[in-house]
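There are two complexes below, and they share subunit A, which is joined by subunit B in the first and by subunit C in the second.
Let's turn to the complex of A and B:
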């Protein structure tokens, strides 16, 4: 419990700023929708003027942009990216920070096993992911409803946030696994970020070409594609199973490598 | 009973040597010195004992329990002060010490009281932020977090760096008190005089291997000193052919040599010289290794 509380306290300010950022992102995104509506600009017409390829690459097809929910679907791409960055950084940072700050020689000379410390850190991380997700969820409900002109969006947002949470878990545990394996604590966050951005680019490639569809399994961003989720109204069980598998493997790897290796002090 | 026991403890970092076949036994209630030049393997041994790194081969036990298998249980009764201290910069001293205390099963109010009394002894402001402390004050935090829970085994890795002489003296006094109450102490250092002041027995480590374990008394009897003389006239080398003299160097009017043996013998010889000035100093460890242990190896 002591390590858990310590981590919550150490990350408190950072988490607050991330939440403010997410609320701001949702608010400004939906305010833009409102501005388009008020000005009488048909977003649909504006989009029709853009090359199809561009729209596809940016994942903007499949949405009815005259509706608040459709507009929110496009916004979700950026929400997902922010959440992934936060999760990957948080995971890698939680595990590598003791070595980076050279406090590992203090902490692990205490009567605590590495597994125990890891469990506390993972639970602290999980708590912070939930808080991040709730901040996004609540602000989404509020602002989409505010500008939505009576459109019912609850179901869409709920399903998207479930997808978002699984995506957060994937990148969080990839972050912890990288930091668990790597002995250079300063490199861990950047490696975790590189993995995350590669996955993001892969999702672009998949959008770009029909021939690259098989790559979609490599990018968690494609598992929880807003257009598909909103059309289906449910999560694809294959992708959920795949997500659970990745998370389980990453958590296992984190424990295995971190408790077996020499700490860098 | 032995508090620490290592058997052929070996650690390689990839291909580079850490320690090789270290056999070490530290008895209960003993102050055991662990001395050797930098890079000899002192910290590697200590970090292996603490479970921060894992041995390549061989084994080590503390309180009769294996350090790898029972690490957390062992460390309930261990206090450790590393040579360089790093703590969480955003914490206040008291928060850090309470965080440290929260890991031990001992009575929290007793630890808290001890933190207060030690902070008073070392004149440390508990309300300050870690980040604002000088290095010496951080070291004091290190001493307190290592001793507040009254451990049965105190492990110190070159602990005196950054401490001014007065604090150092208080610290040594505190260690002797803890020892009198029953604590066993493993004290690593590269400064011989430090170890001489405190320890009962000393292990000398060089290039990853323990080359000698001696009672401190024996070491003192065999203590080597470096003599530097300034003479009125150019000295003759034969005048210094006394038993125990080595590494003799004569340049113009000055002479420098190492002497190991009874002090009376050398003062007799010195009395016959026409001296302008002379200096006797503690040779550094390197010199002892060069002129004492190296020769013994050859014999």
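Let's turn to the complex of A and C:
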């Protein structure tokens, strides 16, 4: 419990800034929608016939930009990107920070096992992911309703936020697993970030070419594609199963490797 | 000179990894170019039916978009995003690592002014950025040679590639400024990633909406590829803006670092 509280406190300021950032992202994004609407630009019907490649370039595949929900769908890509950065950094920092700050000797001289410390850290991380998600969820509800002109978007936002949470879990546990395996504490966050960035690039590659569809399983950004989620109104069970599998494997890996390796002191 | 050489060798491995990753991004995307061009004719026909106003609003000029320049300009977005992370990491890390690594009192007790320390470190960072860009331009040219279906002007391509360098310089300067402003940086990447991606999202959302004012707020949008392809030149006002940002950020870094209370390691 001490370690849990200690971690919550250590990450408090950072988490507050992240939440402010997410509220700001949703608010400014939806405010732009308002301006866009006010300007009376109605390009939707003309866009319907646009080729996929061109729409991809502008990040607008499959959305009705005249509606607040469609606009929010475009925004969701960036919400997901920020959430992934937050989750991967959080996971890798939580596990690697004791070694980085040379406090692992202090921590493990206490009567706690590595598994116990790790469990506390993972729970603290999980709590922070939930807080992050709630901040995004509530600000999304508020701002989409504010600018939405009475359009009902509750269901869309709920499904997107469920997807977002699974995506956060994936990147969080990838972060912890990397930090659990890698012996150099400073390299762990960088490696977690490069995995995240590669996944981001792969999602664009998949959008660009029909021939690369098989790559979509490699990128969690594609598992929870806003256009698909909003059209189907539910999460794809294949991707949910895949996500749960990745998370389970990563958590298992974190425990196995972290409790078995030499800590660098 | 010692500090300069020390930093170059300290960053050697990371520079090699960055050059390799940037080249990989280039090559993977460029390899898609043939697939992308295969249905050009059909796409052009569809696009041609749109009213002129819409096409300009979306900033697509038909002739450019499917050329090697247009395609390269598109993938450049991602390469520049990665490059910005490198530059910001470098700028923040090279200044803040003495405090984080508890070597600040070792370095600053040497017979060397703080101003010179900063100069040597920034010169090293600048050199690393130059090296990265030389590699990047070279790989760009070779990749374009391999996939291009028609001959292309090397000047335009290299001018496009040079925007990477210009954007990296902005982020290098911003990174140095962040390093002296934030009191205790334990993890460089936790500072640089949110900063880079915030500016990236600001720029891209502005793009989706066709909002021109946003261009002044995000370094990613300073150099418009369509403009470069058309005019084979950069927009003067953005170069001036960039120069102003860099001068202010670097000057502020010097002033603050020279006066600041650097934490001793004890």
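By our rule, the second predicted complex is superposed on the first by the 252 of 265 C-alpha atoms of A that agree within 3 Å, B and C clash if a C-alpha of one lies under 4 Å from a C-alpha of the other, contacts with A are read in each partner's own complex, and residues count from 1 in each chain.
Following the convention adopted for this analysis, a contact is a pair of C-beta atoms (placed from the backbone, for glycine too) under 8 Å apart; a residue touches a chain by one contact, two chains touch by 3 or more.
The structure displayed is predicted, hence computed values, not measured ones.
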item: Touch count on subunit A, higher of subunit B and subunit C; value: C
item: Partner chain in contact with A:32 - subunit B first, subunit C second, else both or neither; value: second
item: Which of subunit B and subunit C A:205 touches, first, second, both or neither; value: second
item: Which superposed partner A:232 touches (first subunit B, second subunit C, both, neither); value: neither
item: Subunit B versus subunit C as contact partner of A:260, first or second or both or neither; value: first
item: Subunit B versus subunit C as contact partner of A:101, first or second or both or neither; value: both
item: Touched partner set for A:109, first subunit B, second subunit C, both or neither; value: first
item: First, second, both or neither for A:6, with subunit B first and subunit C second; value: first
item: Which of subunit B and subunit C A:193 touches, first, second, both or neither; value: second
item: Doubly contacted residues of subunit A, that is, touched by subunit B and again by subunit C; value: 101
item: Residues of subunit B defined as touching subunit A within the complex; value: 13, 47, 50-54, 71-76, 78, 80, 82, 84-90, 99-100, 102-105, 145
item: Footprint of subunit C on subunit A - complex, ascending; value: 14, 18, 21, 25, 28-29, 32, 35-36, 41, 43, 46, 49-51, 53-54, 57-60, 74-75, 78, 81-82, 85, 89, 93, 97, 100-101, 189-190, 193-194, 197, 201, 204-205, 208-209, 211-212
item: Contact set on subunit A toward subunit B in their complex; value: 2, 6, 10, 101-106, 108-113, 116, 260-263, 265
item: For the subunit C and subunit A complex, residues of the former touching the latter; value: 21, 25, 28-29, 32, 35-36, 39, 42-43, 46-47, 49-51, 54, 57-58, 60, 65, 74, 78, 82, 85, 186-187, 189-190, 193-194, 197-198, 201, 204-205, 207-209, 211
